[in-house]
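Got some structures for you, see below.
Both complexes below contain chain A, partnered by chain B and then by chain C.
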Partner chain A sequence: MASVDLALATISFKRKIAYKTTWIFSVLFGGWSLLAGLAVWSNLIGDGEMGGYDWQAMKAYLIIGFLTSTLAWAGSDWDMANRILDGLVAVDLTKPVDFQRARAGEYIGGMVASVPAAALGTTAAVLIFRPAPPDSALAAVLTVVSVLLIFPLAFGINYLSVLTCFVTQRFLGIQWARDTMLAFFSGMMVPLALMPVWLQATAWALPFVHFTTTPASIYLGRVGTAGALGLLAAQAAWAAALWVIGRLIWSQLVKKVTVHGG
Partner chain B sequence: MADTTLRASAARHAGGVYWRSLVAQIRAITEYPADFWVMASAGVMWNVLQFAFLTVLFAAVPDVAGWRYHEMLMLSGLLTVAAGSTALLCDGVWSTGTYVLKGEIDYRITRPAPVVVQVATSHIGMQGFGEVGFGLVMVAYGWIGAGMGLAAVPVGVLGLACAIVIECALITALCAVNFWLKGNNSIFAFVLLDLQHNAMTMPLALFPAAVKIVTMFVVPVAFVNFVPVAVLTGHLTSWWLVGPPLTAAASVLLAAGLYRLGLRSYDSSGH
Partner chain C sequence: MPILEARNLTKTFRRPDKASGFKGAVKHLVQRKYKNYTAVDGIDLSIEAGESVAYVGPNGAGKSTTVKLLTGILRPSEGTVRVMGRDPHVERIPNAHDIGVLFGQRTQLWWDLPVEESLKLLKHMYGVSDADYKARLARFDDLLDLGEFMPALARTLSLGQRMRADLACALIHAPKMVYLDEPTIGLDISVKDRLRAFLRELVDDGTTLLLTSHDLADIEEVCERIVVIDKGAIAYDGPIQQLKAHYITTKAVNLFLEGPADVPALAEKFPEYAWAAGEAPSEVVVTYESNRFTTAEVLGGLTAQLAPRDLSLSEPSIEDVIRRLYAGELTK
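Then we have the complex of A and B:
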């Protein structure tokens, strides 16, 4: 990583935590969806199981989903989008820094700002709800690797969604659509195991699945070591592929830049 | 008497400005058809996946806390219509925080129209077209599937109208918090939507008493979709129908009051 990447990531990190009250409130409220999920699935599963998840396993699944979604949604996607919508992207084009790399640095910096909140929330949830432990020490390590791979993966997906601002006037609707796709196809809304086969196949063909189902499957031992390594390889491949796709789309969309009618 | 006439005239003027601004935004939309279709499709996405979620869920369970599939569709559909309506009717309030930070409230104060009206109509969220359209489809599909007839339509229309007013007012009120809590993002309004999308698409019986009290009486989001649908489907008695109009009135007063207080404390940027 070059010093310029680190500098941009640091600036983004500081910008994220500059408005401390907003940041504290986002930390406090971040766990709401986890609590709602626990209430719903506790009622549905009871003493039985659904899709191979008993209550202990489901608690672990939901807490992993909370951790990964807190990280995935914490980047500076709005800053990226506003640069395109406001036309500041024209200034970026004059700078001797690759646009995508610069935005990646900023995005990862924003995600890092959410790590204390995610860690604190996850620790509290584990202590309070006592979910199932990892299947093995190796599964725990591989789960951590999977969570780390979410950083480049989240940037790839968010960057692609932000690029739509070249052809739209607002980002809010795109953000909702992207977040919903992520929540559904990652398995955060409902585990993939409960979906019909064709929908499972669709989900596995998309990158979103690696945000919740992959780390949770590894953690709970629903896949063996070989399967876990395969999932991690697919996760890494998606991160690389999204980077390349982003670059290709950027090269086409940047031709559409018009600033103040010029 | 003169005071009443003056107030009525001011309300007519504000309404006129609101309507003209909204029409101007709609005319602007027609200049960007590709943008419209991208955003409207994005709005449909949440509904389609919520539809899929409920369908997948109810393939595994017969009911959730006594609520059946079609009733739950109505619950989600009504929430979507209300949330989508805010994008169409007052999407600009989401920019309150940014306007405050950049001092862009300044010139709106100098213009002869209520600031909240000018801010609310500074954008239209085109995803709202998709949300409202597909949300109504979900409500209609759930309505028919739940075996409800035409006799309940007046209650449904009342619930729908109140849902839109409450949602717009609560979002405006929570965006007004950014007059004091400085930041680009309206975190409280986001939290409200998050609360609604997580809890209000499910029967309240699933949640602890604290959640019921909060959503009924503190941040009364239950009156947006849960109470009207519960009355329509017989999960609550018809006495509860008093709630949505009262909540709508209280929410509007809260939003107007908070925005007015916010403007009093507004000190432009850099001071």
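Then we have the complex of A and C:
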């Protein structure tokens, strides 16, 4: 990582933590969603199991869902979108940095700012609710790798959604559509194992599944070592593919950039 | 070789052609229509290294669009631009290393961080050495009093402070070519004066400057050459002094007489001048052709015969000339 990437990530990190109240709210709200999820699933599962998850496994799944959703939604997609919609992208284009790399630095810096909240919330949840432990030490390590891969994956998906602002001139609808797809197909909302087979197949064909289902499946041992490595390879491939798609789309959009006014 | 050369530079935008009202909105939803709008229309512009050029025109004339084309932000619909031999749009990153840009209405400061954080980030972006960074900041502090608000959050700055900080951001890497798009917009007189003094120093140091402004004092005090653009096309391109010499052919003197001024009688008595009533009953405005009469001749004759109790001289400003150029009263 070049010093300018690090500098951009640091700036973004500092901007995120500059708003202390917002930061504390995000921690509290994230914690509230986890508590609500635990209450609902505890009632649904009871002493039995659903989709292959008993109560211990479901607790682990929900805590992983809390961790991954906190990271996935921590970036600065609205900042990026607003710069395009307000025309500040004109200023960005006068800087001697690659547009996509600069936005990646900023985005990931913003995500890093959410790590303390995510780590704190996850640790507290593990200590309080005592979920199922990882299937093995290797599964634990591979789960961490999968969680780390969420950083470039989240950037790829968010960057592509933000680029649509050049065409749509609005971001709200795109953001809603993206977040709904992410929450649904990642398994954050409902584990994929509880969905119809055709919907599971659809989810596995999309990148969103690697936000929650992949790390949770590795952690709980629902896939063997080879399967886990395959999932990580697919997750990394999606991150790379989204990066390349972003580059291709930007190379066309930059020819059509329109910034009106002084 | 010019540092900047644009040939037949044209930019056409597509705009929605939508009727007003509910019916128009629904019709546009079903059947979209667009109209092409030419913001910049075949501009030829050549700027030599070290020149200071004012780029002026009425609102919507195409000034900012031209700057965006020259800086590589926008891609021309037709024509070519070369800045230091490069196409600024195709070779955006190398070009950005050598240029400085300030958009008066768009800040490059990070809104929620101290000013010094934005400058440090730009230091990284441009690869400015620690020694150069310190030396340039010290100079900016001398000329722009940056030090007083360097630790302040950008969103807490006054407009004048924000503009000075933005100017430092645009110049921290000592660019060879600087584009300033309305750098004094909304500033008070003292800040404007300070900015103009700074820009004069910049030009004296050999930096090439392209300045757009609605404030014609910026232009007269900072630039030697003026390019007037109207409806996307160049209406005048030449030295400011030449523009004045060519178009400012009359001067005026306001005479304050002892009693009420009888304008028709005066016009009859001195038919070589143009006469008009002033704001006060005793005031009269005499306009004369500066290439036919010297001011001394005019004043000598009129004071001897009319014995005014007071008088004042007024010379048409560049603003008057440009206003008349915009209005189509003058031609190239």
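By our rule, the second predicted complex is superposed on the first by the 260 of 262 C-alpha atoms of A that agree within 3 Å, B and C clash if a C-alpha of one lies under 4 Å from a C-alpha of the other, contacts with A are read in each partner's own complex, and residues count from 1 in each chain.
Assume contacts are C-beta pairs under 8 Å (C-beta built on N, C-alpha and C of every residue); 3 or more make two chains touch, one makes a residue touch a chain.
A quick note: this is a predicted structure, and the numbers were derived from the prediction, not measured.
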(message) In the overlaid three-chain picture, which partner chain does A:A36 touch, first (chain B) or second (chain C), both, or neither?
(response) first
(message) Quick one: is A:I174 in contact with chain B, with chain C, with both, or with neither? Answer first, second, both or neither.
(response) first
(message) Quick check on the superposed pair: does A:L253 touch chain B, chain C, both, or neither? Answer first, second, both or neither.
(response) neither
(message) Per the contact definition in the header, classify A:V190: touching chain B only (first), chain C only (second), both, or neither.
(response) first
(request) Using the superposition on chain A described above, determine whether A:K14 touches chain B (first), chain C (second), both, or neither. (result) second
(request) Quick one: classify A:A234 as touching chain B (first), chain C (second), both or neither. (result) neither
(request) Between chain B and chain C, point out the one touching more chain A residues. (result) B
(request) For chain A, give the residues common to its interface with chain B and its interface with chain C. (result) 19
(message) Could you list, by residue number, the parts of chain A that touch chain C in their complex?
(response) 3-4, 7-8, 11, 14-15, 18-19, 87-88, 90-91, 93-98, 254-262
(message) Help me check something: in the complex, which residues belonging to chain A touch chain B?
(response) 19, 21-22, 25-26, 29, 32-33, 36-37, 39-40, 43-44, 50-51, 78, 164, 167-170, 172-174, 176-177, 180-181, 183-184, 189-190, 194-196, 199
(request) Spell out the residues on chain C that touch chain A in their complex, using ranges where they run on. (result) 13, 63-64, 68, 71-75, 92-94, 96-97, 99, 101, 103-108, 110, 112-113, 117, 120-122, 124-126, 181-182, 185
(message) Which residues of chain B touch chain A once you look at their complex with the stated criterion?
(response) 32, 34-35, 38-39, 41-43, 45-46, 49-50, 52-53, 56-57, 59-61, 64-65, 87, 91, 94, 123, 125-127, 130, 181-185, 187-188, 191, 194-195, 198-199, 202, 206-208, 211
